[in-house]
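Next come the structures, one after another.
Okay, so chain A shows up in both of these, paired with chain B first and chain C after.
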Partner chain A sequence: MAGRGKLIAVIGDEDTCTGFLLGGIGELNKNRKPNFLVIEKDTSVTEIEETFKGFLARDDIGIILINQFIAEMIRHAIDAHTQSIPAVLEIPSKEHPYDASKDSILRRAKGMFSAEDFR
Partner chain B sequence: MSGKDRIDVFPSRMAQTIMKARLKGAQTGRNLLKKKADALTMRFRQILRKIIETKTLMGEVMREAAFSLAEAKFAAGDFSTTVIQNVNKAQVKVRAKKDNVAGVTLPVFEHYHEGGDSYELTGLARGGEQLTKLKRNYAKAVELLVELASLQTSFVTLDEAIKITNRRVNAIEHVIIPRIERTLSYIITELDEREREEFYRLKKIQEKKKQIKERNEIERVARCAKLGVVEEPANMLMDERDEDLLFE
Partner chain C sequence: MGLEVGEVSVRLDGLLLRFMDQMENLQEKRNLLNSLIEAGWFAMSKARYAMGNKCVSSLQYGHEIAPLVRLHTSALEKGEVQFRTERMEPKPVENSKEEPKEVEEIGPKEEGVRRRKTVNKKTDKEDPLEPKEMPDTKEKTEPDRMVKGQTLSQDPLKWFGILVPQSLKQAQSSFKQVIELAAEIATLQTQVEATREEFRTQLQSKQQLLQGREP
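Our next item is the complex of A and B:
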């Protein structure tokens, strides 16, 4: 059963957002609100958290991509989100390569984690 | 007995049959649920392995894409602001489809393209080739990420489903079945008790009858000895006492 199309949201630094917008995922909805947030060095944690919660509340967003170092800052909000949609995906950024031990989804599977990881 | 008690029924043979049927039903239900939990766990492990593979792959793809972004920036100058300002409609969207595993519906994302490329004119001045390469790289990254997102959602949904099923299996195994077994043993003990009572009653009646018979025999012999050989048949109408009554 295919629902109406859902968007991919991005919360990341400038390079990540530019790249993904060029990939064609950016959209402004009816109220001119974008489905992405560019994080600068001076963006406050509250603002990030609020945007994240805003994305969660919107029902036209299916996936949220978030840089891992930003995810670290709002770790508690991400861990509190236990529904399956929207899916929250942690992606590496240029300065911070992917670190599997910080990924919140993989931490939930802690028990089966050890032997199969870091291959 | 706190915690699990037995079900309150009147102990009878029918109740016993009913309880036996219920026990059978509970055991069958538990086995079925265990099988379902096993199937779900197997699928869960598969998905977990795939997630780890895909995540490592994604790390590489993202690095590639970041390199091409740096290249394009070098060639075409800083186009980030232009890109960010030119957002209006998304070309790539995802759809949620439902997949079914052992009775659990898992959401699966499928991406589809819609409309044209709104960044066709960016990089027209310089660095067009790098920009097209960049767009392609990021489109590839998006596809991979959509797949990863599907895996993740199924992962989370399966996790919940497995927990619920295991909870039910444990509930049946440690609460429902022992309760029914206690009820059954209670019914059986009650029925045995009743049989023993019945048995005891019969034995007592037999004893009493024997005693009465002996007494009558002695009287009869005594009477015959006095009056001569005269047989007297038993007169039921004259007998006021009922032999079968134990306690009066």
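Our next item is the complex of A and C:
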């Protein structure tokens, strides 16, 4: 399994998942859990968080792509993840354009500097 | 002591410049990623308009999907990780293997009467070398092959029909580029994190040196 490489997971709305599955990242078979989750209007935050944590626990996922508006719902879980692998990439959705000020990685980078540091 | 503070300050400046470069690079790639994703959605919407609202949706996903893109990670120095994508070509879905059919011979066997030699399919098994005493394994291998045929890497474009509009192919092309860019951005993110950590460490050592200098 390690020799075959890791997968890219996606948590997003239908259009996002359809697009990335068209790109060829999807895996779905009866032996393993799928590496994608299509978020509908009635999808609970608990389910999103459980799926995200499930992806983090898997050792065969290298990158998790997640719509930023969904990432906002589980921001605490994303902020708590500080390891390099899997990498979490926040992407825009059709209704919610990308906002750099909300991105976990960029917020951490922005918090690098404080007034005292430049003494 | 002053020299040490000076050295640490120079290192900090170097790290800061590296950090700024990495952030600028990250910003550029992010903007490109967002534009490509939006282009992909636009093309998908055009395809939906041409094919019908329900024809480009999660209802069309295959029952079994094999990934065509694999990610390879390699750990670099200072906690950085490089992500690299590998794309496999979709293989055609194979149904059960069939031996090439024998050519039907059409010709008179007897005078005045035409008879066709039909291929006796009962005796032509998929693997004629296997002994007939093991019919169970044959039954097992056939459904296995069928399942294997379905799980062979198939182009996801085929979920949406045989003749798909050009816009759907454009959408696929956009998302393929997005996937490659995503790997580059993930690499850059780890580099930014590594630089941030190193900067913080150097800053702490500078502050300790300065506190040590003060009476």
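The rule is simple: the second predicted complex is superposed on the first by the 103 of 119 C-alpha atoms of A that agree within 3 Å, B and C clash if a C-alpha of one lies under 4 Å from a C-alpha of the other, contacts with A are read in each partner's own complex, and residues count from 1 in each chain.
The rule is simple: a residue touches a chain if its C-beta (ideal position, glycine included) is under 8 Å from a C-beta of that chain, and two chains touch if they have at least 3 such contacts.
A quick note: this is a predicted structure, and the numbers were derived from the prediction, not measured.
Participant: Quick check on the superposition: with chain A as the shared anchor, is it clash or fit for chain B versus chain C?
Facilitator: With chain A as the common anchor, chain B and chain C collide in the superposed model.
Participant: Who does A:73 touch here: chain B (first), chain C (second), both, or neither?
Facilitator: Touch partners of A:73: none, neither chain B nor chain C.
Participant: Is A:105 touching the first partner chain B, the second partner chain C, both, or neither of them?
Facilitator: Touch partners of A:105: chain B and chain C.
Participant: Under the stated touch criterion, which partner chain does A:22 make contact with: chain B (first), chain C (second), both, or neither?
Facilitator: Once the two structures are laid over each other on A, A:22 reaches both partners.
Participant: Check whether A:87 is in contact with chain B, with chain C, with both or with neither, and answer first, second, both or neither.
Facilitator: Both partners.
Participant: By the touch definition above, which chain A residues appear in both interfaces, chain B in one complex and chain C in the other?
Facilitator: In chain A, positions 4-8, 14-15, 17-28, 34-35, 38, 62-63, 65, 84-85, 87, 89, 91-92, 94, 97-98, 100, 105, 108-109, 112, 117 sit in both the chain B and chain C interfaces.
Participant: Inside the complex, what are the residues of chain C that reach chain A?
Facilitator: That would be residues 19, 23, 27, 30, 33-34, 37-38, 40-41, 44, 56-58, 61-73, 79-81, 83, 86-87, 90, 151, 155-157, 168, 171-172, 174-176, 178-179, 182-183, 185-186, 189-190, 192-193, 196, 199-200, 203 of chain C.
Participant: For a test of understanding, state which residues of chain A touch chain C in their complex under the given definition.
Facilitator: It comes out as residues 4-8, 14-30, 34-35, 38, 62-63, 65, 84-85, 87, 89, 91-92, 94, 97-98, 100, 105, 108-109, 112, 117.
Participant: Could you pull out which chain B residues touch chain A in their complex?
Facilitator: Contacts found on chain B: 45, 48-49, 51-52, 55-56, 58-59, 62-63, 65-66, 69-70, 79-80, 83-84, 87-98, 107, 109-110, 112-114, 117-119, 122, 131, 134-135, 137-139, 141-142, 145-146, 148-150, 152-157, 159.
Participant: Flag every residue of chain A that touches chain B in the complex, lowest number first.
Facilitator: 1-8, 14-15, 17-28, 34-36, 38, 62-63, 65, 82-85, 87-89, 91-94, 97-98, 100, 103, 105-106, 108-109, 112, 116-117, 119
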